[in-house]
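Both of the next two complexes hold subunit A, though its partner changes from subunit B to subunit C.
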Partner chain A sequence: MPLWMHEAQLLLRSRWAAAALALLAILSAAAVAAGMAEIARQRGAIAAIAPAQAEDIAAVRAFVDRSKDGGQAAYYSFHPTWDAPSPLAFAAIGMRDVAPYILRVRALGIEAQIYDGDTFNPELALPGRFDFAFVLVFLAPLFTIALFHDLRSGECEAGRARMLEAMPGAGRLWWRRAMVRFVAITAALTIPFLAGAIWSGVAIGAIILIVVVAALYLLFWIGLAGLVSSRGRGSTANAATLAALWLVLVLIIPTLANVVINRTNPVDEGAQIALAQRENVHRAWEIPREETMRRFYANHRRWSDAPPLTEAFHYKWYLAFHQNGDESVAARVRAYRAGLERRAAAANALGWVLPSVGVQALLTRLAGTDLTAQLAYQDRIRAFHRRLRAFYYDYVFYDRPFGASDFDKAPRYRATG
Partner chain B sequence: MSAMTLIARDELRLMRRNHVAVTAVLLLLLLTVVAVATAWTHQQGIAETRARHQRAANAAFEAQPDRHPHRVVHYGHFIFRPLSPLAAFDPGVDPFTGNTMFLEGHRQNTSNFGDVLQSSLLVRFGQLTPAFVLQAAVPLLLIFLGYGAVARETERGTLRPLLLQGAAAWSIVLGKLAALGLVAGVVGVPAMIGFALIAGQPGASIGPIALIIIAYGAYLALWSVAITLVSTLVRRRRDALLALLAIWAVTVVLLPRVAPDVAGQIYPLANRLQTDVAIARDLRWLGDSHNPDDPHFARFKADVLRRYGVTRVEDLPVNYKGLLAIEGEAITSRLFDRYARESYAAHAAQNRMVLGFGLLSPTIALRQVSMASAGTDFGGHQRFLEQAERYRYDLVQRLNQLQADQVSYADDTAVDAGADRRKRIGADHWQRMPVFTFTPPTPATLVAAGLQGLAIIAGWLVAATLMLTAATRRLGAK
Partner chain C sequence: MSYGSHRVLDGLSIAVPAGSITALLGGNGAGKSTTLSLLLGFVRPNDGRVTVCGVDPGVEPDHARGRTAYLPENVALYDHLTAVENASYLLALSGNRPSRAAILDAFAAAGLQERAWDARLSGFSKGMRQKVAIAVAWLREVPVLLLDEPTSGLDPQATADFNALLHAIRVRNTAVLMVTHDLLSAVDVADRIGFLERGRIVEEVAATGTERFDIRALRARFGERARAA
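Up next is the complex of A and B:
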């Protein structure tokens, strides 16, 4: 029997170690299952859009068909958008539990719609999700500490270390022992993930990358355990020191960094966008309507040949001032977004030096569940909203009748934009 | 000097000599100071920003020119949720809920621009607040200081001589416990001083403050007892340490994340799209103001005409369009309330279930007491949402009433060149609208919300103490 097999047997014969490995495997499997259940729930909610939407739009269709007014169709029709989860999303739910992944928009001012949230229970979101990323980033280091803090000191305390080191190939002994533990812990952690990932149809490249990253993260903690142990104190002191390091590296520095990043990159614009956009939209009722139309046509020549307004209310004016309102806050919107991107970039930069943050950042990036993914979804909503506007404008600006069949011609949101 | 005091002194001397322990205590004190300072300034910053935004929104509302009241219904109002006075100690769900809401006629908007959607992924690692330090970090420190208390004596074989010299088992265990409890007090006090500073704010009242102090005191006492208990039961120091670390990881880190997942799967919430579609469906059923033949509005019209003794809406002394708006708003708001009640009930069921997990993890129970007493739990947010909806309804109905009373039906339906001017009413009306002021919960409400969690912690403390008594008896019998 090869020596490493003996080591493996030795490891599993220790009740502590075997229990720890089994527990890690169970937690990892539970986290993968919980993540997959959550993503399945989200997919179910997305699949339920179509029937609900069909019912809703049928009612609008029924009453608009009487007036054939494209303006009414634009005003009353909400169009669904959604952010379908990636196959990997189960492993790192990221922001998907707090950020909306379904949002309905209509062809009015987008800035008054795009920041709307969905229903979620903040008390449930507060502690963070129980997903694979959590098991990897938070729990796996604790198991690593449990298995590695006494790798050598345990033998010292049992009085065997000197004898073992006197034997030929002693250097390789510690190496072999560490390897066996490393492989065992990596397997306990990643096998449930592999099963979930294959089941969910994750690309092989991403799977390999995550397993490698998980292994590297464990190696970081093993290295730390080795460093602490090499100072030659007892197992107990090692365990205490390592647990304190865990607290600092996984909980305290990230939370402290969050405070610092948010403080140094203030984003105050959100509420200002909302207030300013409303002000600019409603100002249209106070100024000559031609002024609104001039400003709109200056930016949108495509519809500038539309017939002029008459005395009566017309939806083209209404839609035009909504769009003018959006355009009036464009600079603030850019500043707001830049602020959010600066925050995300700062956190990612921290990830390069702090493994806990780095692994979490990488996982949520690969899974498409981070702030960047959320902003990308907003971009897709905006692109869709532009198509919606163009579609309705072609009717409203030229007074083309909007019949029941025209509802079917409205742009459909495509999950990829 | 009693044996117990001697033992406690000896234990404290040993801790003082342990450089790692001293460093850890100092680091924790530093962390507490940082947490109190950042939480405090953060809260001041938020409170200041929200107050400033609220002033700007109020000023914008009052500065509106002469308008048709229905324009103002859609101009709407922005309100900002004020922070509760104790939020600097435990911000609870505040970063996870939007802090501003747009209120307008016949629509219910979400509260937007919550911190969580405006922060990097780091926000999900937790919040550095005094509450977090006391909930998570202090128990870990106590573990490091206390795991060996009795196990060390057992492992080194010094326990038996101590007993033989006449020290009673209970005085040994109580001495160790007293030493650990003293340390818990020392490391807990700075956070509590910070809390007292925070609690000195206007608006904070004694009941919830006392409840928070009692709950954290009981929680740290529970950890001290539990650590001494494990140290008494386990024969080897390392086993005591690993067992305690495992307990800490499960109760402080793991269960608080597992419980919400279970609750979320068992009591799912209806999402906004489904709710909106359902409300629209019910509305069509109850009365569709777009439909000229709608039975509800036909009946409404007949009622109004009969009440005023006229045959045509043109002959009414009030503007019929204003009456229609009032009726329409009443119908939609009743639906909003019904669906909101259902949603709140589902939230409450989820949160009750999570609190049930407090039977497995006292940390969950403590979080609940802490947030509920600080007014930063979901109940606190719900209070804001409910008051916002009441204010929205009141504002919109006042404006609809203005439309009924101040704008004539003839003007309201006119489309000639001067009609727009005649439909408008004076700007002074907007200045007379009440502003939104959040009515804070009474201290009794906050205390009542926290009592369940406190009961769970107390139950834990009693159980742990009984177990420690039993373990001590066994120690003496050896």
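Up next is the complex of A and C:
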């Protein structure tokens, strides 16, 4: 039996170490299963869009077919958009937990639709959903500490260190043991992930990258344990010091950094933008309609040759002031977005020095569940909304009748925009 | 040899020839364990020379330790492994891979009861642990054996078993150095006894004739110290 197998036997026969490794494997498997269940639920919700949409549009079609009014069609038709999860999303749910991944939009003002009920704050790696990223970033270090804090001091306290070190190659003994424990803990952590990733069809390159990152993150904690243990104090002192370091590196610094980053990069609440947009829209009822149209045509020359308004209500005015409302908050939207991006950039910068934050950021980036991915989805919604508006404007502004078959001509959201 | 400013061994000179058992006798704190630490390369002398099989253990510890078996003062092994597993692990550490049969033979020679061979060590007495350790030393077949208080706390039968195995080891031309504070245990097995005091050997006696040592005389001269220990 080769020496490393002896060491593995020694480790696994210790009831305490075996229980710790089993617990880590169970937690990792539970997190992978929970993440996969959540993503399956989200996929199910996305798959259910099409049949529901067909039903909704059928009702609108029957109603509008009587008036053939493109304005009514625009007003009553909701068009679904969605942000399909990447195969890897199960491992790091990230923003998919707090930000909508399905949004049904109308050709009316888009910003209020996007920011309605949106109160999320992109956060640093604060404990959130129970997913693989959580187990890796928050829990795995504790198991690493449990297995490494007494690597040598435990043998001293058991009175075996002198005998072990009297053996030839004693220096290599500790390396070999550390290696066996490292492999065991990495396996317990990543085997459930591997199973989930292969099942979910994650690209092999991404799988390898994540396993390597997980292993490097564990090595960081092993290094820390080695550093603390090298001061030659007892196992209890080592464990206490390492637990304190865990608290500081994984909880306290990221939380404080989050506060500092949010304070130094103040942004509006998304809901405030929605409110401002809505107020601007409603103000339109009090100002002369011609002024609304002038403002609209200034920015949308393409429809400026449309027939002028009459006394009667017309949807082109309604759609125009909605669009004006959007444009009135455009600067705030840009500032909000820039603020969020500055926060994310600051958090990512911190990730370069703080492994817990860096690993979390990298995982959500690879999984397409970070703020960048969320903003990209919003951009796709806006692009789709532009196509949607142009489609309806062509009917509404020129009073072209909107028949039953025209519903089928409406642009359809494609997951890529 | 000193720990900081505390001089523990001072002018100690001792040679342990192959095929003999040398006992180093001294009271608590006399520097017995420190002597073994020097031979194992755990500590280095401030001046003077230490050689094990011709090499300096401070310079080439692996070389020296590869030729040395060592039984510490308190034999602590892995409680969650069986006697056979403990032995095969420790032997593997020193690069030996004896068969299970060889291990069992050594256990039998050391006087370890058969029912203990595949039992976990958690229920073992001090004597039983000692037997596992001496069986490991036996199987390593190294030229040097260092023993720290090997029979303290053993019952008479266990002590006799131990001494018998020690003789078998000596016959293989092994150089055995045991350190103890117990005159009787030294007298039982040693070919030579050195009396360690204030960091040096103050007197050396060799076994002669069938009586080996004149216990009465040794007692009279070192009884005070022996009783103090």
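One rule holds for everything that comes next: the second predicted complex is superposed on the first by the 398 of 417 C-alpha atoms of A that agree within 3 Å, B and C clash if a C-alpha of one lies under 4 Å from a C-alpha of the other, contacts with A are read in each partner's own complex, and residues count from 1 in each chain.
The rule is short, and it goes like this: contacts are C-beta pairs under 8 Å (C-beta built on N, C-alpha and C of every residue); 3 or more make two chains touch, one makes a residue touch a chain.
All of these numbers come straight from a predicted model, not from anything done at the bench.
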Fit-or-clash call for subunit B and subunit C when the two complexes are aligned on subunit A: fit
Touching partner for A:Leu247 - first (subunit B), second (subunit C), both, neither: first
Between subunit B and subunit C, more extensive residue contact with subunit A: B
Contacts of A:Gly159 with subunit B and subunit C, given as first, second, both or neither: second
Partner chain(s) touched by A:Asn258 [first = subunit B, second = subunit C, both, neither]: first
Partner chain in contact with A:Trp317 - subunit B first, subunit C second, else both or neither: neither
Contacts of A:Gln374 with subunit B and subunit C, given as first, second, both or neither: first
From subunit A, separation angle of subunit B and subunit C (C-alpha centres, steps of 10 degrees): 90
First, second, both or neither for A:Phe384, with subunit B first and subunit C second: neither
Closest approach of subunit C to subunit B (Cα atoms, Å): 14
Residues of subunit C defined as touching subunit A within the complex: 40, 42, 61-63, 65-66, 68, 70-72, 74-78, 80-81, 85, 88-90, 92-95, 97, 133
Complex interface listing, subunit A residues touching subunit B: 16, 27, 30, 34, 37-38, 41, 45, 48-49, 52-53, 55-56, 59, 63, 78, 80, 94-95, 98-100, 102, 104, 112, 115-130, 134, 138-139, 142, 146, 150, 235-237, 239-241, 243-244, 247, 250-252, 254-259, 261-263, 267-268, 270-272, 274-275, 278-279, 282, 285-286, 311-313, 340, 343-344, 346-348, 350, 356-357, 360-361, 364, 370-371, 374
Residues on subunit A engaged by subunit C in the complex (per definition of touch): 1, 3, 6, 9-10, 13-15, 158-160, 162-170, 173
Residue numbers on subunit B that touch subunit A, as the complex places them: 20, 24, 31, 34, 38, 42, 49, 53, 56-57, 60, 65, 67, 71, 74-76, 78, 80, 92-93, 96-98, 100, 102, 109-128, 132, 136-137, 140, 144, 147-148, 237-238, 241-242, 245-246, 249, 253-254, 256-258, 260-261, 263-265, 268-277, 280-281, 284, 288, 290-291, 343, 347, 350-351, 354, 371, 377-378, 381, 415-417
